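Note that subunit A is present in both complexes that follow, paired respectively with subunit B and with subunit C.
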Partner chain A sequence: MTLALEFPPLSRLVEWKTLFFSGPLAVNKVVLIMWMAAVGTFVFFWMAGRRGSLVPTGVQNAAESVMDFIHNGVILQTMGTEGLFWAPFLTTVFCFILLGNIFEIVPLVQMPANARMAIPFFLALVVFVSYNTVGIRKHGPWGYLKSIMFPPGVPVAVRPLFALIAFVSDIFVRPFALAVRLFANMLAGHLLLATFAILTGALFRATIVGAAVPGALLVALTGFEVLVSVLQAFIFTMLTAVFIGLAQQTEH
Partner chain B sequence: MLHVLAAQNPGELQAGLKTVGAGIVYGGAAIGPGIGIGLVVGNAITAMARQPEAAGMVRTTMFLGIAFTEALALFGFVLTFLLK
Partner chain C sequence: MRAKVFIAGGALAGVVLVGDPGVALADKPTEVSKCVENAVKTGQQADTCVKAPNPILPAANELVWGTLSFVILFYLLVRFAFPPVKKMMEERTNRIRRDLDEGERVRSEAEAILADYQRQLADARGEANRVIEESRQTAERLRADLVQRAEAEVAELRRRSEEDIRAAQQQALADLQASVKGLVIELAEKVVERNLDRETNMALIEGYISQVGSGRT
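For the complex of A and B:
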């Protein structure tokens, strides 16, 4: 290494010591961040809904704009009015993911909860169960399978191939891609910030002036990661809405 | 070059080849999504320029399209770390 720059192994950046308890209930930094995200979401909406004043102020104003965003920006665009039943679920998912992501840039925490696979995986599992339940309740088990695998308008010759691809894509790839998208984006962002922070630190020790460019880039990337956090929370919510909407629609 | 490789410690050679493989995996996985995101965003810009009043709808759909396209690159990114 020419700059005496030793990049730490990946495990040092994402794996944290167990703080208390042990075995499957062990609590480490990521679990604490996840709890903070869950409690933060709860407290945010609890404070907003405590006094339902007609003219919203403060926290209620913020919560209402989040609700409005999910209502108009996500549900009405993907599911129509019959999807409004899912508004509380989608709002909670959005806020939880956003809070879990934004801890990536909070000083002293600096670790996105979603950079460990477990949390995106379980969120995707919840989404998977939700949209399949909706589809099965709407069409019945066979009707649902039929609507996935044999939509009208597919030429007879490619029907078997299409059925296989559609089945694998809808049942396995969707939740997997949903989880991996969130996970990999947050992991990549975390690694990017860590790389630039290490580079800035090493250059600052070597030549103080040399740290200016990576330092400036680090600040810019921090801003970029705010965008990525919001965007990934939005995309996860949006795709959840799209999947539920596809499962409950009658005709393809 | 082969006898240079043969003179190396086999463990080192394996680790080196793994790193090279991981690099090739990510590089390969980034090609398609790179082209794909270019197409998605380019066409979205064309659509917004032609019909500015539909910009909101186009933007939402564009992000969805990006998310689907980008997933393949991210699979490659994850595989890079799995290979190490």
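For the complex of A and C:
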């Protein structure tokens, strides 16, 4: 028995045709998901703020839990109290990424906005600008570069090599890795789900019973992707806080 | 308000569903097949016809919309959504702190009152003991007093009785002496009248004595 399994090229799984407008303002499915993520995040916090009950319930409770988590679980762990200035930014980043990710498993949408490079790239750029600005403002341009490239305690012999590696790593690799980590994880998850969905569909058409195993795996992977969505949003937020916190530190 | 949110969400979902019937195509099959035909005709490599886009480069339109979405979202959240939530959380924190302080104050107050009551209770107990002791002593004193008075009365009674007895005795003795004197005189008269012999005298005296003895008893 042969299976006529036709797997679409990568571009067919992540690139979507334009729905309206054109050129740089062209709107496709990914853009609609971005909008939904933005609107969803805003409505979530807005409703929580409107409730304003002293004893929080429902959406207010959830929103406060998120803010509390960013406050205590992320900022105080990495930057201390002087990092609280970044709480609104980090909360927005976390929620926007999380909602963008979670559309990966929302039925009929099933596409994570962050499986496209646009948002990870933009956010990493913002993070790049943020932590370098913080570092330069704190130490001055030369002091900041010095704190990165020539930390105390490095043997003289390896100083030039270390300086080069530290410079490239801290200045360029960090934001790049930050963006690629999010993008690649979400793309991989999306491809995994698509693969198993296509496989399950093909096997179901061919044998029915044969679809049981990949079908069960598909369900399990969907659950796993929920975890990945939350985890990647958390990692991005956490690393952003870590980078800004490191730049704020007086000594490396 | 909630209904509006649901309607807005539904509309957005509808746009996504209707506007997106399936996977999109970057390369239309017809263009690819034409290219392949051309390549075959001209003897070129057909691989160049299906050019996979580099997934790591962001698409311009998605970058523009992603940036706009984030920036607008960030502005709206910071301007309208975060402050009330933050304010409410701070209010709650203050309220809880206030309540805890108040609770602590009330507790220490209650403890002070309890200590006061306990002290008062101990005082009352001491007072009660003192009163009981005092009563006991008074009763004791009263009893001793009464006993003493009774004893004195008894002694007085006895003394009076004894005096009475003694008086009666003396009276009786005096009476006896008087009557003995009379009798002796009477007897002496009889003896003188009758010059009796010794036996007669003795019989007279004994008879007299027995008469007097029976008269005394």
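Worth a mention:
We adopt the following convention: the second predicted complex is superposed on the first by the 249 of 252 C-alpha atoms of A that agree within 3 Å, B and C clash if a C-alpha of one lies under 4 Å from a C-alpha of the other, contacts with A are read in each partner's own complex, and residues count from 1 in each chain.
Throughout what follows, a contact is a pair of C-beta atoms (placed from the backbone, for glycine too) under 8 Å apart; a residue touches a chain by one contact, two chains touch by 3 or more.
Model, not experiment: these values are computed from the prediction.
Once the two complexes are overlaid through subunit A, subunit B and subunit C fit side by side, free of any clash as defined at the top of the document.
In the superposition on chain A, no contact is made by A:T81 with either subunit B or subunit C. By the touch criterion defined above, A:L239 reaches subunit B but does not reach subunit C.
In the superposed model, A:F183 lies in contact with both subunit B and subunit C. Contacts of A:T57 after superposition on the shared chain: neither subunit B nor subunit C is touched. Using the contact criterion defined above for the overlaid structures, shared-chain residue A:T207 touches neither subunit B nor subunit C, since it reaches no partner.
By the touch criterion defined above, A:L10 reaches both subunit B and subunit C. Applying the stated contact rule after C-alpha superposition, one finds that A:A26 touches subunit C and leaves subunit B untouched. Between subunit B and subunit C, C contacts the larger number of subunit A residues.
When both complexes are overlaid on chain A, the residue A:V39 reaches subunit C alone and has no touch with subunit B. Following the chain A superposition, subunit B and subunit C show a smallest Cα-Cα distance of 6 angstrom.
Touching of subunit A by both subunit B and subunit C, each in its own complex, is seen for residues 10, 180, 183, 187.
Across the complex, subunit C is touched by residues 8-20, 23-39, 41-43, 45-50, 52-54, 56, 60, 63-64, 67-68, 88-89, 91-92, 96, 108-109, 113, 116-119, 121-123, 180, 183, 187 of subunit A. Of all the residues in subunit A, the ones that touch subunit B in their complex are 10, 73, 77, 177, 180-181, 183-185, 187-188, 231, 234-235, 238-239, 242. Of all the residues in subunit B, the ones that touch subunit A in their complex are 57, 60, 63-64, 67-68, 70-71, 74-75, 77-78, 81, 84.
By the touch rule above, subunit C contacts subunit A in their complex via residues 1, 5, 8-9, 12-13, 15-17, 19-20, 23-27, 50, 52-53, 55-67, 69-70, 72-74, 76-78, 80-86, 88-89, 91-92, 95.
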